[in-house]
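The following pair of complexes shares a single chain, subunit A, combined with subunit B in the former and subunit C in the latter.
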Partner chain A sequence: MNKKLIYGLFFLAFALAVGFSAFRKWAVNHATYMTGGVPHPINCAPCHIYPERDGILANILNEDYLSPLNAVCSSDGSALYVIAQDADMLLIVDPAQDKVETQIAVGRRPHSVVVSKDGKSAYVSNQWDNNLYVIDLASNTVSDTILTGAGPAGMGLSVNGQLLYIANTYTNNISVVDLASNTEIKRLYGGNYPTGVAVSPLDNQVFVSSQRTLPVPFRTEPITEVTVLNGKNQRVEERLNFRSAHIMENIAVSPDGDMAITTLIRPKNLVPSAQIERGWMINHGIGIVTKEGKKAQLLLDEPNAFYADPYDVVIHPNGKYAYVSHAGADMISAIDLDVVRNIVSQSSQHELENLANYLGMSDQIVLKRIKTGANPRGLALSPDGKTLYAVEQMTDHITMIDTEKLEVVKTIDLGGPSRTTVTRKGGQLFRNAGHTFHQQYSCYTCHPDGHEDGLTYDLTGSGRDLANVQTLRDLNGTAPFKWNGKNVSVYMQCGMRFSKFVTRTESFSPGDLNSLVAYIMRELTHPPNIHALPGGELTEAQKRGKAIFERTITVDGREIPEKDQCITCHNGPSYSNFQMADVGSLKDTDNPTLFDSPNLNNVYESAPYLHDGSAATLEEIWTVFNPNDTHGYANDMTKDQLNDLVEYLKSLKGAEYTSDQLNYEVNKSQL
Partner chain B sequence: MRTDEDRVWVGTNQGLALLENGKWKVYTEADGLAHRSVLALDVSPITGDLWVATMSGLNRFSAGKFTTYTQFNSGLANDVIYSVICDGKDVWVATGGGAGMLDTYTGKWAIYTEQNAPMHEPWTYSICAGGGNIYIAAWGGGVIEWNKAKKEFRDYIDPDGEMEIDLFPDDGVVHDITTAVTYDDDILWVATYFGLSRYDGKRWKGYFDHDSGLASNFINYIKANGEVAWMCTDNGLSSFNGETWITYKNLGTDQSGQVIVNGKSPKENILKASSSLSHNFTIGVDFKDNDIWVATSHGLSHGVVVGQTEVKTSKL
Partner chain C sequence: MSRSNNIFGIFVASMILSLSVLWSGCASQQKEDGKVIFTRIPAISANANSPDPQSLKYLPGMQIVIADMGTSPENLRLLSHGFFSARAPEVDFDGLTVVFSAQQNEGDIWQIWTLHLADNTVTQVTQCKYNCTDPAWLPGGRIAYSKQQLNEKGLVFHAIFSCLQDGTDEVQITFQPHEDFHTGMLNDGRLLVSSKQLYPEEGKVKYLAVHPDGTKAELFYEASDSLQYMGKAWETDDHRLVFVESGALATVRFNRPLHSRATVEHHIRGTFWSIFPTGKNNFIASVKQTNAQTYGLTRIGDTPDTDEPYYNDEEYHFIEPIVVMSRPVPKKLPSIVMTDRSTGYFICMDAKRSEPGAIDTSATSVQLLGLDEVLGETTLEEDGSFYIEVGADRPIRFQTLNEKGEVVNGPSSWMWLRPNERRGCVGCHEDREMAPPNVVPKAIEKAPFAMIK
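For the complex of A and B:
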C-alpha cells in the first residue's frame, strides 16, 4: 500500500480522534453547565429535539393523546360522555362494550360536559374559546354556541333543567345561561379562578368552588372562596372563605342537600418548605359546608403517606359515600359520609378548625383507597351508584370501580396512542407526587395546569428570599430561570438542587429528567390571551399603552434614560432581554441579588407580581412599589395613562398566537 | 342612601349603615369598608351587589363581603368618589379624577377626563343613566352626555358663559358647576348650587328659589321618581312634577314641620305638619313603593306618600 496513503489515513484518524475528543469534552462541559454540575449522559435530544413543537422530528417523536379530563354518565347508565381535553373532542362511550361509540369535535381545550334533563342535549364548556357547545345527541352534531365569560370550566344544571351555571375561570365570574334561549342572562362575581359547580338537589343553592386564593395581605394565609348562589333569584347569597386552603377544583352536594363537599389543598406557604419532613408542606383533603352553616376541612392524607392533588368528588345517590380522585397519587379515596357527618355535627366550629391539620382524620373517614392508572381526574357515578368511573388523564383510560366491593372491575381503553412518548412520560411524572417526600406534592400541585398557584413560598427555609411561584407555560427560549436567574436551564431547576432542598428525595433519574423537561418545554402553553385581538390588532387603549411602553421621553418632553425605558428590559418575542436588573424591589428579607427580567406574555394571568408576590395587581407595581422610578420611569403618568399601559401589558402574547382567529368575535365584543 | 328591597343602606361619615327589620348594623373599615366616609351607594339590579363610593376607594359589597378597588390596585380613576351607579353590567363612578366605568363582565376600566371628554376639568360630581345615555355632572363643565350606542360624548353647558348669574333664562343648564343629575320619564334634571334645570330632550327650563317653589338654589342632590323630581337642598326637600312644587321643611323648634305647596307663587299654600325632616340640610333621597327616605346632615328621615302631593314624615 502506498505509504502516503497510509500516513494520510493515519493522520485523518488522528484528527478525527482529536476532534471527537475535543467535541466530547465540550459536550460534557456544556451538559454539565446546563444541568448544574450533575453527572448526566450526553444526549442532545432532550434539549434540542424533544421540546420542538413542530416539524418532522417533532411529529415522529410525539403522539396526539386524548387526555380525558371529565365525564358524566347518561341518566340510564348506558353511555359515558367523556371530555378528551387534548384532542378537543367529546367521546360517547358504551361502558358495557368498552367501546367509544362516537367522537364529536368540540372547541379548544374543552373542560366539562353536562347532559340536559331530557337527555337530548349535551353542553360542553370550551375553556379556550370562551363558549359552550350545545350538542344534539340525536345527530351527534353541534347545534348551537353560547357565549360565556372567559375560560368556562365546571357547569351545573338547575333542578328544573332550565338554567345552566358556568364557572368562568379566567374572568373570575359565574355565567347564568337560560337554556330555552341558549343565552347568558347574567354574570356574577365568583371567587378567584372558579372551576367547580354543584347545584343543590333542593335547587335553592348553587355552590361554586375556586382554584386560587382571594387577594390577601402580603405573607398571610391564603383564603379561597366557595361562592353560594341563591337558586331562586340567581344572586350570590354567601361567600364562604376557606382559610389556609386553595385549589378547590370541584364540588358536590349530597342528595338531600345536607352538605356540600369540595376538594382542596392546604399549602403551608408561610412556613419553610423544609418542613416537608414533618408533613407540613402541603396537605390534601376535602372542605365541607353543612346546611347549618358549619365549615370544616378534613385531610385525606396519612402521617406517612400523602394523597396529592385531589381533583374531583362525587357522592353516592344514597348519600352515605363520597369518592375523591387523587390525581397526583393515582388513587381514589372512598369516604364514609356518616362518619364525616358525625364528626362535623359533634364538633364545635373551633374544634373543626383545629381538626383541619389532623393527619389521623383519614383513618376515621376513609373506607378504602383504590389504585388507578396515571392521573385520575374526573369521576362519574352510574345513576344507581353501583359503578364509579374514574377518568385517567395520562393513560387515555377509564377505570371502572364496583362501589359495593370498592374494587376495580375493569379498565376501558378510549383508543389513545399505545406508545408512551418521552413527553407523555414527562407529563405523567409532572403530575405524580411519587418523587417527593411521602408523596406530598407533585410539580402540578404548585403549577396547576402548568401555570402557578399564586402563592409565595419560603423555599430556602430561612425566612429569606421568598419566591413567588412562576408560570411554566411557554418557557422554551426564555432562560435563565428562577427569579434570580441562577438556573440556566429547566434541567438545573428540576434537577438535584430542587430534590435536595425542596422535595427531600433522590433526584430524578437522567431519563426521567429528560422526559420531565421535554414535557415542560413542549407541552405547557398559555391559553389564548383574553385581552388580545388576533393579528396583532390593538384596541385604542392598548395603542396608547403601547406608545407609553415604547416611549423614550417623559410626558413633559425630557429624555428617559435607556435603563428606565420599558422596552430596554422588556423586548423581543417574550418581552424580556433575559438580563439581570435591579428595579428597586429588593426587600429587607432578600439577600442582595439582581432579578431576571420576567417574560410578559400573558402576564395578566400571573397575579400577584414581583419576585415575592408583594404587588397584588399590575397597577401596584407602579403605584406602590416604584416610588423612585427604579422600575421604569412611570411617576409622570396620569392615571388614565397608567391604565392604558396596563391594558397594553395585558394584551402581550407570544408571536405564535398572533394569527389566532378563533377568539376574534368574542374578544372584540368584550374589549 | 339607597333602598334595596326591604333594606335601607345609608352612607355616613362614620361608616355604612344598614337598616333591616328595624335594626341597624354599621360596617366600618374593620369590616373591609374602604373608608368610613361613604359618599354614595347603588345596588346592581342584576347581581344585587351593593356598590359603595367612599372618600378612599370603591367597595363592592356582596353577600356580606367587601372587595376594594382603589386608584392604586385597579383602574379606578381616583379614590375620592362622589357618585356611583349601576347601569346594566357596567358600574360608573364620578370621582375627583374623572369619571370611570368598570365593565363587571370583563373587569376592564375606562377613564374619562378633560383629556378625552368635553370636560372643563376632571372633577366630576354625579352620574346617572337614562335614555340610552350616561349623564355626568362635571365641575365647571355642565353636563356631559355619553351616548352608549354611538360611544360619543357631547356636553351641555350654560351658553351665556356667565358664572355669576343665569343671564339668558332657559338657554341651557343654569350653571356650569353642576352637582347632581338624574333621569326618568324622558326628563333630565340637573342640580347646581345656583338653581335647577330640566331638559326634555328639546328645551331647557331653569328654576330658582326666587321664582319657583324650589326650597333653595343650593342643591346637594336630586333624584327623579317617575315624573317627579326630588331636590335635596340646604334648606329643605323640594319636589316638582313640572307643574306643582312641594317643599318639606323642619321648623327647627320641635318635631313639627312645614309643607309648602307652590311657594313663591300666587297659589302658595303653607301647611303645618306634625312631623318633618330631621334637618333641612338634605343630602340624599330614595324611594321604595310608597316609602321615601331622606338623608340629612342630622340623621335619616322616613316618609310615607299618602296622596299624590302629600307626604307623612317621621324622624329616625
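For the complex of A and C:
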C-alpha cells in the first residue's frame, strides 16, 4: 500500500515535472515567437492580462486617473478650472491652498473650458458627446447643454463675451454659439481636425488651428490650415495654409493683436529617413501670423535636443513673452516675443521659409526651458501674468511657475491615484520622446490621441516601401500588425527593429515594453463613430451600402467569386480576417509583399488609405486603384452605389459602441 | 548524527565563505570609490612639457596611479605595476574596472589592457600589430580604442576600432586619413572622436560624433581658429562638454555644440592638460601655473576658496585624472551595419545649396573622390539631388562640377559609409544646423547610382 502510494506520488511528481518542463519550453518558444526573438523574460501578464478592459483583475491592476488636459484661470486668479479628461470631470482648484475645491461631473472626454466674462458660468466642451455643458459656478451644477458639431475641442470667447467659438474636431468645422440663448447660430467649415481657438482682442478676428493636413496630392508636403474668421460677421475671412506643418494643437493671440502664435510640428515625411541626426525625421516649433499677413515658422528644437509635441501656447499680458508646453519633452519653453517680432519683420518671406528649418533659431528666441512633470499639456496664465500653470496629464499634477524668475514654484496635486500602474507607466512612455534619438519624437507624435497623423513616411530611407501611419486604437485581438503583417504582436512591433528604424536609439527595456504594450492594447480606443446612428441602426444609404458590402452577385446578376467579395476579407467584429492578401495595390516602389487586411472600424477617420497613403479618399480605393477588380469586385457599381458603399463603410464601428452605455447624442444634421 | 553535523558544518562554512567573498567585493569597491586615478610622467621625459597630448602617446616610463584625493604624493598606489609605460586610464560605468593602454616591456607594441580594481587582476585585451592607445568603455561592455595604421602610401595615422573585452570581434570604426583618437563618450551613445586630417594636407583638429558601429559620423565641434589640440572631453550633468583646448579650459553645450563655445569659469592661471568633472561646476584639472613647473592636479570649484591643489611634484607631471565612481551608462545604440554587404548609400537633398538660402545653379554633376582617384561621377537631378551607392569602409569625398567640368564646390571633408549605412546631407557645405526641407528628392525616385570602384 505504502509502496503504491510512493510510486503514485513519484509518477505524479514525474508527470508534473515533465508537464511543467514541456509547458515552460512551449512558453519560451511562444514568447520568443511573439517578441520576434528578442531576449525577453517570460511574462504572460502583458499580453494576456494587462490589455483586459473589464473584470476583477482589470480593476485590481488599473486605476482611474484624472489625466488633466486643459485649464483656465478665473478673472481674479483665485481659482483654476481644470479639465480631468479621463475622469470626465471639471475640477475647481484653489491654487493658493493646493486644493481641489469642487469636482463637477461633465460629459465624455471633456477637452477644454472657458469662463464667461462675468465669471458666473463655465463652458466645457465634451468631445465625445458633441456638446458643451454650461456650468453655473454659483451652484457648481450643469445648467444647460449646447449642441455643437462632432468632437468639440478648443473654444474662444468673443471680446464682448456674447459669442463662443468652438472647434469641432471630428466634423472639421467651427460652431458659433450665442451665449444669451445658449444656441448654436452658425457652423463654418475650417481646416482638418480643428482643435485650437483664439480670439484677437483687437478686432475680433478669430483664429482656429488644426491638427491634420488638408487633403494634398500623393507625396507632397502636408498643408495645415489656420482658419481666420471675421468676428464681426462670423464669416470665414481667410484660410491660411501652413506648409510642411501639422498638429497645430493650440493658438494664441498677443494682447495688442499684432500676432497669432500656434504650436506646430514639422514632419519630414517626404524626406528619405537616411538618418535621424540633425532633424531629419520630425521638428517642433511655432507658427506665426502677423497683422501684416506675414507667416513664419520657427523651430524650438536645437541641433542635438528636440522638444517634442508642442501642445499649448499662451502669451503674457504684457505681450513680450509666450510660453509653450512640450508634452513629449516634459518642458516649457519661455519665448522672447520681441525677438520673434524682430526676426519676422526683418526677414523676407523667402528668408523665413529657410529659417523654418533652422535648428539654431531657438538659441535666439527661447529665454529658458523649464522642466515639468510628465506630459505638460494645457497652460493657463494668471490675469497679472505672474504665474503660469502647466497641466501635467500623466501625473495628475499642475506645475506652478513664476514667470519673472522662470522657475517652478510648486506642484499642485490634483488628487489622482498615487499608484503608477503598469498601464499608466505605458502611457507616460507613449507620450514621452525620451525613447528616441535626441528626443526627436514620441509615439504620440505620429499617433496623436492614439490615432495616426495622416502621413506616409519613407522609413527605409530609400524611397521604397512607403508606410502610411496606422491607427493604434482598439488593436487588441487584431494581430498581425504592420501593413505587411510581419509583426505578430505589438511587442514585436515596438521591439528591436523598431529601435533601428524608428526610434534609432536604445530599444525599450523589457519592463518598459510591457508597460507600453499594456497601454496601447488597453487604453487607446476609437471615439464614437460620428457616422453611426445610436443602437446600430443604419441610414437608408448605409443599408444600401451594407447590401453591396455583403453581396455575392454583381449588379447584372453574375456570381462574384468568394475572393472578390468584400466580406471575405473584411468580416468579424473588426471587419478583417487578419489574413494577408494581394489587392493589386503593390507599387513599383514596393518590394514584393502581401498586405494585412486592415480593420475597418472608424475607417472614415484614417484618410489617406492603402499601405502607402496613395488613395486620398475611400472612394479612390475603387475609382483609381482598383482597375482590375483586384480589391473587391467593384467596377460594376454606379456612382450612387459606390457612395452608398462608402456611407456604410464610414458607419463601421466596434460592437461595444452599439451598446446603450455608449450611445450618444448624435447631431443628425451631420449625417 | 556526525554526518549531519559535517553537512551542517560545510553549509555554515560555505555561507561564511560566500558572505566574506561578497563582503570583500563590496569592501573593495567601497575602498576605491571616490578615489582618483591618473597618469604620472617623469618630468625628465622627453616631450613631457609639450602642450600637444599626441606627443605623449607613446612616452616611456608613464605610470597609472590611484590615490585618495588630497593625500600626499607619497600615498599614491601604483596600478600599472610591472608595465614599462602606461597611460590613458578610463574606469567603466560601474566604477569597477579600468581600461588603459600600456607597453609591457621597453620596445613592445602598445596594447589595451584591463585592470579589476577589486583584485588588481590585469588582462591584455588587444593583440595589435601596431600601437593601440586611448581606450574607452562602450555601453554593453565593448572597448573602443585608437590603432596606429599604415596605408599604402606610407602614411601613418590612427583609426578607431572596437572589440569585446577578450579582444575578439575587432571592428574598425573610422576610415579616413586622419589622426582619430577617442576623446569621450556622449550620453546619447555616440563616441566623441578627436580627428585631425593628415592627407592631402594637414587640417584642424575637430570633434566628430560617431555611432559605436562607425555609422553617422558628423562634425560635433570645431574651433573657429586653428588650434593645436583638443583633449579628452567629458559630458557634465547639465549637458555641457568640458575639455582642454590648446591649454585652456573650454566648454560647449551638448544641445548646440557648434555655436556655444565658452571658457570654463575658474580662478586658476596656467596651462591646462586635462579635466574631469566631479559635480556641478566642480572639476579636477591637470594644470601647471608656469612653464617651469610640472603639471599637478587641482580641484576647481565655484569660488576661489574652493580651488585646492591636490598633487604637485616637481619630479612628475600628473595628467588624465578620473574619479572612480559609477556613472550613468550612455544609450546603447542599435547597429544598422550588415557585414554581409559591402556598400552604403548616400542621398543629397540639393547639392546646389551651400549656405542658408544660397543656391549655386552652375553645378551639374557630382564627383566621388577616393584617396587619389575619382571613384565616379553622376549628373545632379533638376532639384540638385543625387543618390548613390558607394563602397563601404573607405575614405571618400565629394565635389560638384559645372558643365565644363570645373569644380564648383569641394572637395568636401573626408567621410565614409559602413556596410548598409544610409546617410544624407541637405546640401554641400550647408549650414550644419539646417534640417532638410520636407520634399521628395528627385534622385530617390530612381535606383541609386552605383559608384563602387
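Everything below uses one rule, namely that the second predicted complex is superposed on the first by the 651 of 671 C-alpha atoms of A that agree within 3 Å, B and C clash if a C-alpha of one lies under 4 Å from a C-alpha of the other, contacts with A are read in each partner's own complex, and residues count from 1 in each chain.
Basically, contacts are C-beta pairs under 8 Å (C-beta built on N, C-alpha and C of every residue); 3 or more make two chains touch, one makes a residue touch a chain.
Quantities reported herein were computed from a predicted structural model and do not represent experimental measurements.
Trainee: Overlay done on subunit A, so just call it for subunit B and subunit C: clash or fit.
Mentor: In the arrangement built by aligning on subunit A, the partners subunit C and subunit B fit side by side.
Trainee: Given the touch rule stated above, what does A:Phe14 touch, subunit B (first), subunit C (second), both, or neither?
Mentor: It touches nothing on subunit B or subunit C.
Trainee: On subunit A, which partner touches more residues: subunit B or subunit C?
Mentor: The larger set of subunit A residues in touch belongs to C.
Trainee: Can A:Val646 be said to touch subunit B (first), subunit C (second), both, or neither?
Mentor: A:Val646 sits against subunit B, while subunit C stays out of touch.
Trainee: In the overlay, answer first, second, both or neither for which of subunit B and subunit C A:Phe437 touches.
Mentor: second
Trainee: With both complexes overlaid on chain A, does A:Trp26 touch subunit B (first), subunit C (second), both or neither?
Mentor: neither
Trainee: In the combined three-chain arrangement, what's the angle at subunit A toward subunit B and subunit C (CA centres, steps of 10°)?
Mentor: 130
Trainee: Is A:Glu238 touching anything from subunit B or subunit C once the two structures are fitted on A? First, second, both or neither.
Mentor: A:Glu238: touches subunit B, not subunit C.
Trainee: For A:Val271, using the defined touch cut-off, is the partner it touches subunit B, subunit C, both, or neither? Pick first, second, both or neither.
Mentor: second
Trainee: Quick check for you: in the superposed arrangement, does A:Ser507 touch first (subunit B), second (subunit C), both or neither?
Mentor: In the superposed model, A:Ser507 contacts subunit C only, not subunit B.
Trainee: Check the superposed model and tell me the shortest C-alpha distance between subunit B and subunit C, rounded to whole Å.
Mentor: 21
Trainee: Flag every residue of subunit A that touches subunit B in the complex, lowest number first.
Mentor: 149, 171-173, 186-189, 227-228, 233, 235-239, 241, 541, 616-617, 619-620, 623-624, 638-640, 643, 646-647, 670-671
Trainee: Could you list, by residue number, the parts of subunit A that touch subunit C in their complex?
Mentor: 219, 221-222, 244, 266-272, 274-275, 277-280, 283, 299, 302-305, 350-351, 354-355, 357-360, 363, 437-438, 458, 461-463, 496, 499-500, 504-507
Trainee: What residues of subunit B sit close enough to touch subunit A in their complex?
Mentor: Residue list for subunit B touching subunit A: 46-49, 60, 62-65, 67, 71-75, 77-78, 89, 97-98, 103-111, 113, 115-116.
Trainee: Please give the residue numbers of subunit C that touch subunit A in the complex, ascending.
Mentor: The contact residues of subunit C facing subunit A are 139, 188-189, 216, 218, 239, 254-260, 331-336, 345-347, 349, 356-357, 387, 422-424, 426, 431-441, 444-445, 448.
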